[in-house]
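What follows is a group of structures, each given as structure tokens.
In the two complexes that follow, subunit A is the common piece, with subunit B as its partner first and subunit C second.
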Partner chain A sequence: MTLTLANHPITEFFAGPKTLLDGSRLQVDLEELRRYLLEDQRLESVALEIVSPGDPCRVGYVFDIVEPRAKETGAGPDFPGILTPIASAGQGTTHVLRGTAVAVVDGGQPGGERGYTSRRGGGAKILEMSGPPSQASSFGNLRHLVVVPHPHPEVARHSVLNALRLASVKASVYLARTAQGKTPGSTQVFDLNGAGEDGRKGLPRVAYIGQVHGHQHGTEVDEHILYGGNTRGMLPVPLHPNEWLDGAVVVSYSWGARGLDTYFHQNHPIILDLYRLHEAKEITFAGVVATTSSGQLDELNRNCMVAAQIVKHTFKADGVIITKYAGGAPHSDMFETARLCEDLGVKTAIMVSDTAPDRRAESAALMNIPGVDAVVNVSEAADISWPAPAVETVIAGNPEVETLLANLTELPGVSVCGVTNNQGASRLQSIMY
Partner chain B sequence: MRVVHYLNQFFGGVGGEEQAGLPPEIRPGTVGPGRLLEQALGDGSHVVTTIICGDNYAAENVQEVTAMVTQQVKEAQAELLVAGPCFQAGRYGTAAGAVCAAVQDNLGIPAITAMSGENPGVDLYRESIYIVDSGDDVSRMRGVLAETARLGNKLVGQGVIGRPADEGYFSQGKLRSEFVENTAARRLTGMLLSKMRGEAFEAEVPIKSIDAVPAPPPVPDMSRATVAIVTDGGLVPKGNPDRIPRAFAQVWGAYPIEDIESLRAGEYEVAHGGYDNRPVEQDPHRLVPVDVLRQMERDGLVGKLHPEFLSTTGNSNPLENSRRMGREMAARLIEAGVDSVILTST
Partner chain C sequence: MEKAGIPVAQVTAMTAVAKAVGSNRIVRGQGIVNLLGDSDLPPEEEREIRKRIVRKALEALATDPARSDP
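And then the complex of A and B:
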């Protein structure tokens, strides 16, 4: 399976009479895009704006951030299971508009705290385009198309979320189709076809197990996560890493503030780093497993066992990196999977995100399992905040949130998109003093 | 800078174990390793007072000795207290930690000591004071004093104290978020490769054993026992009268169930942000099984269901806080004559 990413760096992104890519200048006909998105009859209206790095602008609350990508004509499906019928992602050429993103804003539903109910369990997250918070975010240096879908009031909440997801991938593909047939600035080729080739003998085989959802808070029936499926009752599934990078995986209606973004499924930092090591012949990249954290004990035991077995016996891995979904409970599944892998002789490294509100290491040490001793700790930014930069524009899903965002004096790190991340993208670390 | 130095009888040159009962003695100026300490602290620093105390005396009279050292530091108008280095000497290390912590807490004056990782003083005091890792080789005295002096000077000068490994002190177990050069992904792959190659690597959280809880003896006769239900799943009466938060709860509640046959949906809610609350709100017995226990009461399988259940939220709770709430709950239940407890979680 070979995936070629055709990278088109974008230096200008602006609205215009026609949607087209001219070199590195991306022009978008917002009216045409609006008509396309409004084909979804659940939506009453859609607001569209383009924001750039340094703009005194605040956006919230963000549903998801997606990198604009589209397959070359005839090369395969875009976001299969969501936007197109099921077909394998991960092969052929995919055009990427580097330096841009689609940020979809959730208007929430009336009620709840501050006139707004956020997604399950999660804090609401903000995209900040200027000042120190933007520099601390993985998304502050991108040019964003901000999409604010307004659903009809009678549409059920799960269906609203489904409509937001659909809008996010439609806008992403719509933009990137401008690159079809165009010569990219650079290309990257991803394949593991040489995994058995000479010169790899003796190299350690390394796999990755990633939780793509946490069943701690349930799942909507029409929620798209893996090839469009909602992962209910899903056993761990071995994937080719290219599938993961190429639209087979999007984030669930997640805990945004804790950091999982579709952008970092498309640019998965761990998968990309394992590819880097594979190409450098330091390791052989053995494969990836998508799994979930469980809501019930028997499910946990079943999933952890199956994931460990795949890594050991199918991938024949010597080592594995395991990451979790956002929140505390998914640590259980991650640690148990790691314990089983270690028992099978597969060395593990895992990533925790400590939630210790007292900032004491004692409270951060969630579990102690012999052999599970390689632990990276990403901070959840409980002790990081910035004075809110002055903004001229606030883009929000409803007037209550707009007022709230406009009057913020402080931006907690946990609420800024792209500061914390459970996919390996974050540079924020909890350091023990 | 004016410095007070605390030594035990051995390093104070008074004698060995036979002098361990020595009450504190005050000497002006340096004694024993104090001279090297003074040199290491640099020009302008003077050990103005040295306190020498026997190891046993300090162990048996902790409050008196810490009060006395605090008073001496105050009277000497010192800016720094140095205790030790203590290396592996356990009683010495424990006393050094105690006097440093007392001076720091009561006077707000920095205090520093040094000992080896095995010294019990480390676990007792590492979270409250700076303890330089001396190792256990006493012949390294000069080097250890130099490291102690360097960090001591920083403490007095309000300099930025770096990470434990860089500065040579035992971690105080405090977490700080910092932006670092490498992404978490890069750190993960690096750590895994090191581990697979058998090279040294360091976990980013403490890999620390959590106290094992010994299994309690069995309840001799459940048919005579009073049984209480305690949950950390956050079930509370509608309206959440104790305002138990959905995470980081500092409080717990006790809610009456006397004469209640079963818990009715709608009369309870869940204060817990860590799971899908709906199944419990639909039927609270899924978390607090009053119905089953009433039946067991009737069947004579348990003596009596305690007339209240206790509830809090376990979600993201710091250990120290959980321990406190556990102690408070246990005290209330023991006071009420409860014989056994069923703990339910989520």
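And then the complex of A and C:
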């Protein structure tokens, strides 16, 4: 399975009479895109704005952030199971508009503590385009198409969320189709061919296990997570890493843009790094497993056991990196999986997120299992906050949120998109002094 | 609380965490979301689950941790 990413760096992104890519200048016909998105009958209207790095602009609350990508014509499906029928992701050429993103805003239902009745379990996240918070965010230096879908009031909440998801991938593919047939600035080729070559004898085989959802938060019947499925009742599933990078996985609703974003499934830091080490012949990249954190103990034990077995006996891995879904409970699944892997002789490194605001190491370590001793602690920014930068524009899903965002005085790190990431795409690190 | 002389039975769906922090009496609950019930079951069956778990917790309270049934 070979995936080629055709990277088109974008230096200008603006509205115009026709959607087209001219070199590194991306022009979008917002009216045409709006008509396309409004083909979804659940939506009453859609607001579209383009924001750039440094703009005195605040956007909230963010449902998800997606990198604009589209397959070359005939090369395969875009977001299979969501936008197109089921087919394998991860093969052929995918055009990528580097330096841009689609940020989808969830209007929620007006009311509630933050001017918004939140989606299930989700934190209210803000995209900040200027000042120190934007510099601390992985998204502050991107040009965003901000999509604000307004559903008809009678549409059920789960269906609203489904409509937001659909709008996110439709807008992503719509933009990136401008690159079809165009010569990219650079290409990256991903394949694991040669993983069995003699030249790789003696190299450690390293796998990755990632939680793509947490069942403690529940799952909507029409929620898209893995190939369009909602992962209810799912056992750990071995994937080719290319599938993960190429649209098979999107973030689930609960914690969209809260330490997990579809953008960093598409640009998964651990998968990309394992590929880099594979190509440098420092390791052999043995494979990836998608799993979930469980809501019940039997499910937890079953999933952890199966994931460890796949890594040991299917991938024949010597080592595995494990990351978690957002929240506290997913730590137990991750630790138990690591314990079982270590028992099977597979070395583990796991990534926990420090949720303790009191800056104490004792609070940060949620679990302690003997033998699971390679623990990377990425911060959840619980103890970081900035004075809110002055803004001229606020883009929000409803007037209450707009007022609230306009009058913020402090921006806690946990509320800013791209400051923390459970897959390691973060510029923060927990350090004990 | 145990140090203050009050026996504790911890009902949890995350027993590994309870073990890691050294809880003396760990009773397994139904699930993280519905600890003492099961929203997939009819109410009368769910009530039976609740009674079973609470009774188990009461039994645990009356048990000396040194002589418990793991």
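In the analysis below, the second predicted complex is superposed on the first by the 425 of 433 C-alpha atoms of A that agree within 3 Å, B and C clash if a C-alpha of one lies under 4 Å from a C-alpha of the other, contacts with A are read in each partner's own complex, and residues count from 1 in each chain.
Here is the rule we use: a contact is a pair of C-beta atoms (placed from the backbone, for glycine too) under 8 Å apart; a residue touches a chain by one contact, two chains touch by 3 or more.
Keep in mind that this is a model prediction, so the values were computed, not measured.
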Practice item. Record, for the superposition on subunit A, whether partners subunit B and subunit C clash or fit. Key: clash
Review point. Is A:329 in contact with subunit B, with subunit C, with both, or with neither (first, second, both, neither)?
Key: both
Review point. Is A:377 touching the first partner subunit B, the second partner subunit C, both, or neither of them?
Key: first
Exercise for review: In the three-chain superposition, say which chain, subunit B or subunit C, touches more residues of subunit A.
Suggested key: B
**Study point:** Partner chain in contact with A:282 - subunit B first, subunit C second, else both or neither
**Key:** first
Review point. Once the shared chain is lined up, is A:67 touching subunit B (first), subunit C (second), both, or neither of them?
Key: neither
Practice item. Look at A:296 in the shared chain and tell me whether it touches subunit B only, subunit C only, both, or neither; answer first, second, both or neither. Key: second
Point to revise | Set intersection of subunit A contacts, subunit C complex versus subunit B complex | key: 216, 218, 295, 329, 368
Revision key, fill the gap. In their shared complex, subunit A is touched by residues of subunit B numbered 161, 163-164, 171-189, 191-196, 201, 203-210, 247-248, 273-276, 278, 315-316, 318-321
Point to revise | For the subunit A and subunit C complex, residues of the former touching the latter | key: 215-216, 218, 294-297, 329, 331-332, 335-336, 366-369
Review point. Contact residues on subunit A for subunit B in the complex?
Key: 120-121, 136, 204, 206, 216-218, 269-270, 272-274, 277, 282-283, 295, 318-321, 323, 327-329, 347-352, 354-365, 368, 373-379, 381-384, 413, 421, 423-433
Check your understanding: Touching subunit A in the complex: which residues of subunit C?
Key -> 13-17, 20, 28, 30-33
